[in-house]
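Provided herewith is a single structure, encoded as structure tokens, for subsequent inquiry.
Chain nomenclature is as follows: A, B, C, D, E and F, assigned in order of appearance, with residue numbering initiated at 1 for each chain independently.
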Amino acid sequence: MELLVASAVGLLTAAGIYLILRRRTFPVILGTSLLSYAVNVFLFATGRLITNAPPILNKYADVPYTDPLPQALVLTAIVISFGMTAVVVMVALGAYLSAKSDRINMDETASADGEDA
Amino acid sequence: MNHLLIAPIVLPALVAPFIIMTLRYHIDLQRIFSVASTVLLVAIALVLAVQAADGTVQIYELGDWQAPFGIVLVLDRLSAMMVLLTTLLALAVNLYAVGSKWDERGHNFHALYQFQLMGILGAFLTGDAFNLFVFFEVLLIASYGLMIHGGGTRRFQAGVQYVVYNLLGSTLFLFALGTIYAVTGTLNMADLAVQVAALPAEDSALIRVGAVMLLLVFAIKASLLPLHFWLPASYAHAPAPVAALFAIMTKVGAYAILRMYTLVFGPDVAVVEGLVGDWLLPAALLTVAVGAIGVLGSKEIGRLMSFGAITSVGTLLTAIALFTPEAAAAALYYSVHSTLAAAALFLIADMVRERQGGAIAAHPVMAQSGLISVLFFVAAIATAGMPPLSGFLGKLLILDAARDDPHAVWVWGVILVSSLITIMGFARAGTLIFWKSHGLDTSDTLAEPEIEVTGADQDAAPVPARPAALPFVATFALLAGLVALTVFAGPMTRYTAATAQDLFAPGAYIDTVLANRDRPVTESDHESAGYGTAAHGDGSGHGADDATTTEESH
Amino acid sequence: MIDYAYAFAFSCFAAALLMNLWKILMAHEITDRILALDTMFINAIAMVVLFGVLLGSEIFFEAALIMAMLGFISTVAYARFLLRGNIIE
Amino acid sequence: MSLFLIAALPFLGALFPALLIRAGRNASASSAALASGLAFVGLMLHAPAILRGETVQVGIDWLPVLGLHANFFLDGLGFLFATMILGIGLLIILYARFYLSRQDPMGQFYTYLLLFQGAMVGIVLSDNILLLLVFWELTSLSSFLLIGYWKHLPEGRQGARMALTVTGMGGLAMIGGMLILGNIAGSYDISVILQHKDAIQSSDLYLPALILILIGAFTKSAQFPFHFWLPHAMAAPTPVSAYLHSATMVKAGLFLMARLWPVLAGTPEWFYIVTTTGLITMVIGAVIALFKDDLKALLAFSTVSHLGLITMLLGFGTKAAAIGAVFHIINHATFKAALFMTAGIVDHEAHTRDIKRLGGLRHLMPVTFVIATVAALSMAGIPPLNGFLSKEMMLEEASHTYWLQNPYVVPALACFAAAFSAAYSFRYIAHVFLGPKRDDYPAKPHDPGFGMWASPALLVTLVVLIGLFSAKMVGPLVDAAAGAVTQSHPHAHLKLWHGVTPALYMSGIAVGGGVLLLALHAGLERIWTALPRPEAKVIFDRLTGALTERSAAITARLHDGSLTRYALIMVTFTLVISLFAYGTGTIGAPTRDLQDVGLLPLVGWICLIVATACIVLFHRQRFIALILIGIIGLIVSLAFNFLSAPDLALTQISVEVVTIILMLLALNFLPKQTPAESPVPARMRDGAISILCGLGVGGLIYALMLRDFAVPSISEFHLANAYKGGGGTNVVNVILVDFRGFDTFGEIIVLGIAALVIFALTEAVLSTRVRAYLLNREPDMPQAGDSHPGLMVVVTRMMMPVALMVAAYIFFRGHNLPGGGFIAGLIAAIAVIMQYMASGFGWATERQRIPYHGIIGSGVLIAAATGLGAWFSGQPFLTSAFGYVHLPPLEEFELATAALFDLGVFLAVVGAVMLALESLSRFAWQPGIPTEHAMDINPARDTAAQDPKEA
Amino acid sequence: MIIDILIAGFVAVGGLFGFVGSFGLLKLNDPMSRMHAPTKATTLGVGGVLIGSMLHAWAYEGHISAHELLITLFLLVTAPVTANFLAKVFINQQTKPDDLPGPSACSLWATHDKPEHHRTSEQPTDT
Amino acid sequence: MKLLNRFLPHPLLTLMLTVIWLLLVNRFSLNSLVFGFFLGLLIPVITQPYWPNRPKLKKPLKLISYTLLVFWDIIVANVTVARIVLFMPNSKRRPAWVEIPLDIRTPEAIAMLGGTITMTPGTLTADISAQGRSLLVHCLHAPDTDEIRDEIKTRYEARLKEIFG
């Protein structure tokens, strides 16, 4: 089980990074999405894996519980990364509509010229 | 419990939603509330600084949950100083934003501004690593909004880059926190200090990875080479007051490095032995060099200022990377200086841009050229580290602190040579912008300053008519801060030296934070039997049924 | 016997999931891809419910409920995109 | 007068001229003179004590951590320099009042001048080398302003920048040297350092310190090879040149060498570096000066030469040479300042400084002629003027100095330079003032008013008097100053006639040689012009130009705006550093066993892996990539369910759907395909890096999962106390709203900000020409006719109350079972989004009563208010309270403030999601679309519309 | 025992229908037909499992569990909308007005009712 | 009656929501009933603007028998579809489009019919005419399209017409 989770995290990370290294905003946003899946599962897995032990206290039985803390952290992380994704989508759209290009790289050298060495 | 401790976070967190809810269409009321809130923050920060000045560490246990189980805010000399610095900067910049009417060029400026402050102040105050992440995100997302405030193509494009780069940073932050939690089982910084110090040295690889990833996250914020690439475009294209406020953002990264790498992963912690020594200092020195080269090679005033900021931050990181109390004290002094100086530079750059565009080239003489050139001159010598201002003293302190380091020659060489290059760069820019204009025909351009929209401001909202004195007051205030920092260098360095001593002997911090860890939880009047068995994934329930669990667990 | 039934049902839904995946990847028609994703959601609901039954736990109910609701919304969103480009107009 | 006040007066005075210029030029000048004069008087009050050989000291701690103290002391050396700085300063102020024209901003001039004066006084009074450094660099800065005073002249700008660059560089080197010096001596206080000669000279760091300090001194004093900036600084107005390049700035370097002479001099290193430099400078300066046609350039190179002379004397390291140096400093200041002023007068009156265009002025400007002649003769070393006296002393010392055991090098070169010195001095007289009167002067020259010639006249009076009555006039001063330099009590034998000494022969040769050289000048000049020689300015410009170009190129290349590259560098750097961290540590054995893999996880894993891989493969087809993202979200949610995280599963799937809606809204406007742009090698490189990162991250989490916590996690506390202290059985929810409610507070603020940002951005974009583009935009896919299908509208209408019911359910049970405000908020938002999607933006917006901004704000405020409520019971922010209420006939139920906090979360989420989506939707909204009906096709409506018509 | 058989039966039949639904998606050879299989079979498959779950709760947990009905209801209500939308996508992308039996001689199906498909001289009257 | 209308503006919806709440909490208790009823009163007020012109049911009780009929048909439909999917070769299958002219006019009724068609044997509502006077139905296997049209009209539409009027 651990191997499945670890390999999935690894692949999501790899795919995310590969897409972030593309040159248009859309694949880059896809990449950040994948990366946030990867990191959420990563963070979740730091509580170690266990089935059928949700951290819902049971009055009637002495049952095992998984580590609730990483879950709470992941929840926070999911929400935050949602907010971030929403913003990046929006900024990218704004940039595309203004520039009529969704290239993510900009030409920084095309600034004004000075002289008089 | 001293509720004033949380006031710097709660106050903006109340003012911002209030502005959003009720004052969305009343810019003047927004201004009043925003400025009033910032003034109040300054007052609070002053009181906190006074309280922290004698070295007492105060904690604020949120939700009344004792550390390390709940989130705790910690006020010590360092956080008090950074909070005060932030609020002072924020006030000046806020006045500038109001005076220059930058706040009118888009929506929600003041709400975002307050949220930004909340994030920054929270980051300085929190004693919990994950909470630090949350505040980083608050300050980042607010900064995204502020960065693209007012719109414009270039600003959007730079905004996308800024956001994406920082998203990568945030992701790395979570990887780091996950790793650290998975090894130590805790998130509280003081508790981490205890646990990491007790880790067996023969099982160090994983915590080392976590620690170094965390450092890289902070290094991104601090714009350490080669993680600084987000900075030039973002600062150059951000609205001026925002760029000026951003001057503190790099310090958040520097602060976090200093905090985590003295408290948790301190120089004498066995498991992180030799982790950063070999590369952090060279990287910091390269940052200085690249910044200086950038200053000399910039053709646009915003970029010039950005690279000036990079040089400063590189110098700061150089001092931090030495990891000695003396160097840390120098770094703290220098960080105050460089924050004010960089902010002033961005505001001045904006004044120039407003009047003649951003190109570093000759233009017809602009309105208030003399006054602005004086401001530029002062800010430039401060940034370049020329006497008599605090930049010089800060650099001297850093050079002095580096003298016993084996790499002292490099530190001295790079900092001094970079200073020269920076001086050349600023002199070149200043003479072109302010002096060369006098050689041009000035017959009909004196009356009406020509506003040349370049780069960042394409198709942005039209620039409003010339503002009043407030922008100058704000800029003067920042420079006056530099002067004060110079004149009162003695008391100031006594404070930073004491702060640095605290940092390198974090016993008091740790003891204060963890003082209540064994306090039992007050029983509610309800039945509680049968709860509380923990099994961290191995399926075999262990741990007791009640509050005694906590006593056993640590 | 009941265990065999569960095992059978699990296998059926697992197979269904894999078939859906295959269809999503290999379909020529875009409608088939969306349809397959929708079906995947429904099969997943079944699995969640089955899993709950197997563990005798009720905590999976909400997940199933919400998946039913959200699977629908996302399918409609995909389809609307293809119909009008604009999913909210 | 306190030394503090003396040092501060010029700085304080600097404030006034700029302010008083509105009251007139005289007021401005007077205020400057007053400040200078007061300081001068204050200084003179100390004269008796100083001339007795005493020193005056004051000090306060400025930066004790560093050892930077604001300590001042006044000894003979300091007194000598301060006297020159303030005295000549006064004369310059007077001279400048008449020199500057009406167009020149005089207030600025005096402000800069006084700033400079203050910095110079500071240098010479400092008893702390760090303090000295502060003033040192201040002179660079203020002289930068003075040299660039005529902003409209490119030479001014360039000269100023060159001066700043060169002297700034020297200053920075000196910082290094001073820090070393201070560290060897254990103090930065000069009076302390001067006690540590042996420690300093025996230190390993002596040579580096010496070199660094000397670089500072040499650059400032324009010593070879840093001499080239000085002539270019002549672009400044003449008063500036007269002040900076006769008495003050260039002498700062000499002052420093003299100041540190007791601890630095006397070693072979010192001798060879300083003497040689001085000698070379003296010779080169003298030779070049002869061939300069610009009066000020001639004087500038003569200054270079004389500075070399003094440097050489200091380099000799003997007491007598030091006395000579001190004496020549005085003499040079008097005659050179006077010469600069006369050059200024000539320029002012004749409108040219070109010697070739001058001549015969003696007839037109007799007063100026007299002043210039006396000063020039002094410079030439003609008795009985003061220049002769000190030059004699120099020649005397040179005559018995061995250079590499060679007795002839120094005297011969000194004599050679002296001859050239005499020659250019004579040329200044002969080619400017003598000769026939010309009729082609650019202007009609005549003697200026008294105000302008008073200053040089006073100076030449001194030249004469010092020459004649040297012992009386300056004897005590020279003794005191030389005493300070040599740390002894020397007695200088200043007199005109020393008898027939080698020096007298050499003087004679020099004067004779000078006359000869002047006679041969025309011929020599042809040779000089024909000689190839490096032009320092060209080299400097080329160097700085190249440096600037290179910097611009490097900067542009590094920061070219390619996020792709930035990200690649960041990822690679992170990977490398992390691997380094891992590799330098050691890893223990696993402590946990692997868990079995069942069918379900395997199938889920396959789906996830395949979908992820396919996203990479098909990412160019953006819509398909979004569908694949849907699979990943689904599987991750299932995995959370399977691995005991029901809350996460709910959150993941809800967020997933909202995200996809968001992306689809955006994709509508974006290109639907991504072009293949990166070349194959780049893709392979990216792939390799990505795979390595994936392996790293996967390996890391695998290693972590196989090991237990070092100590039990803090979450055991949460499990143990969730119910007892937090009142809930869903521990994750209790952590979110109670144990770590502060995180959640931050989290909803993040969400709220995100929505605000999106809103603001929409407004920003739609307020530009993008709006017009959007209105005229043709859809890039074939659109179906029916935009709001009735089936969907009906179903969503029915579902809305149900969905809200579900949201309420999820909300209320969250504290004890999976759920909570966040998920409930998303579900409620989705219920509303359904209306937007089914019935249209306009229709749904019209039905929205409360602005989403308000919902966000109220959510955050409710959460904050809940937190603040705790203050009223004396508890910290966010302390929760809960209780159990029993109202018959109802069963007992729980009331918790955490629910109120969660309500804040709920509202913030609803508001944020809706505001974000609504903002995005506005991009597509066309104002023309009718909004009164949700359904495009509604036969009931049509029938109703027809019926009245038929009736 | 009987209840076990019932549970097992429902669960197994549910599984079978789930399989059939997805298999149909693969097997059926035209896009419109493929929409039938998951809409109906998969929904029923889930229904079977849900009834099994209800029975299980009643038999083993000792209480009547009816919330599974909600999920069933949800699926039943939403499935037609999904199918409708996908069908419209198909009609929009793959067909022209003439490929379908017209609603009447001179009108269009809603999906085709866009400017470029309006037949000339048409008068929008239905039966 | 007026008073009742004031406090219970949407009795049917309130009832439905209360039942849904009880289903959601899955344990009957007085608390749940009271709270569910409270929400059942509240939520319709919030959602009211989103459902204007809510149709009045003429014979609401007939809805129950209709629902049962459809449930039964769904099960039959699935067996039919399963047989076709599993055992009928694609070559023998006769998919077809069928137009169903509509007599009902209420959008809710049409939607219900459309939903019913989709969930019942071998048919799927694909589209509606531009004026909403007929439905386009796709049949998975329809050797005789007229028969299908007639069955839909008699079995379902007639009943819905009764219910909605």
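Following the convention adopted for this analysis, a contact is a pair of C-beta atoms (placed from the backbone, for glycine too) under 8 Å apart; a residue touches a chain by one contact, two chains touch by 3 or more.
On a predicted model such as this, the values are computed, not experimentally measured, just so you know.
Ranked by distance of CA centroids from subunit E, the top chain is D.
Of all chains, F has its CA centroid at the greatest distance from the CA centroid of subunit B.
Taking each chain's centre as the average of its CA atoms, subunit A and subunit F sit 41 Å apart.
Centre to centre, using the average C-alpha position, subunit D and subunit E are separated by 68 Å. Centre-to-centre, using mean CA coordinates, subunit B is 56 Å away from subunit E.
Subunit B and subunit F have Cα centroids lying 60 Å from one another.
Of all residues in subunit D, those touching 2 or more other chains are 154, 157, 544, 548-549, 556, 559, 561, 563, 565, 567, 571, 592, 642, 646, 667, 697, 701, 704-705, 708, 713-715, 718-719, 722-723, 729, 739-740, 743, 747, 750, 753-754, 757, 761, 764-765, 768, 783-786, 789, 791-792, 795, 799, 806, 817-818, 920, 937, listed in ascending order. For subunit A, the set of residues touching two or more other chains reads 20, 25, 28, 38, 40, 42, 45-50, 52-54, 56-59, 65-67, 69, 73, 76, 80, 83-84, 87, 91-92, 94, 98, 104, 106, 108, 116-117. Within subunit B, the positions touching two or more other chains are listed as 130, 134, 137, 141, 144-145, 148, 151, 156, 160-161, 164, 168, 175, 178-179, 181-182, 187, 232-233, 299, 428, 431, 436, 459, 531-534, 536-538. On the side of subunit D, the complex with subunit F involves touching residues 785-786, 789-791, 793-795, 797, 800-802, 804-806, 808-809, 813, 835, 839, 844, 847, 849, 889-891, 893, 935, 937-940, 942-943.
Those residues of subunit A that touch subunit D in the complex are listed here as 1-15, 17-30, 33-34, 37-38, 40-42, 44-59, 65-69, 71-76, 78-80, 82-87, 89-94, 96-98, 102, 104-109, 116-117.
Listing the residues of subunit B that touch subunit A in their complex gives 130, 134, 137, 140-141, 144-145, 148, 151-154, 156-161, 163-164, 167-168, 170-171, 174-175, 177-179, 181-182, 187, 232-233, 299-300, 303, 357-362, 428-429, 431-432, 436, 454-455, 459, 530-541, 545. Against subunit C, the residues of subunit A that register as touching in their complex are 52, 54, 56.
Within the complex formed with subunit D, the subunit F residues making contact are 13, 16-17, 20-21, 24-25, 29-31, 34, 39-40, 43-44, 46-47, 49-51, 102, 105-108, 110-112, 114-115, 125, 127-133.
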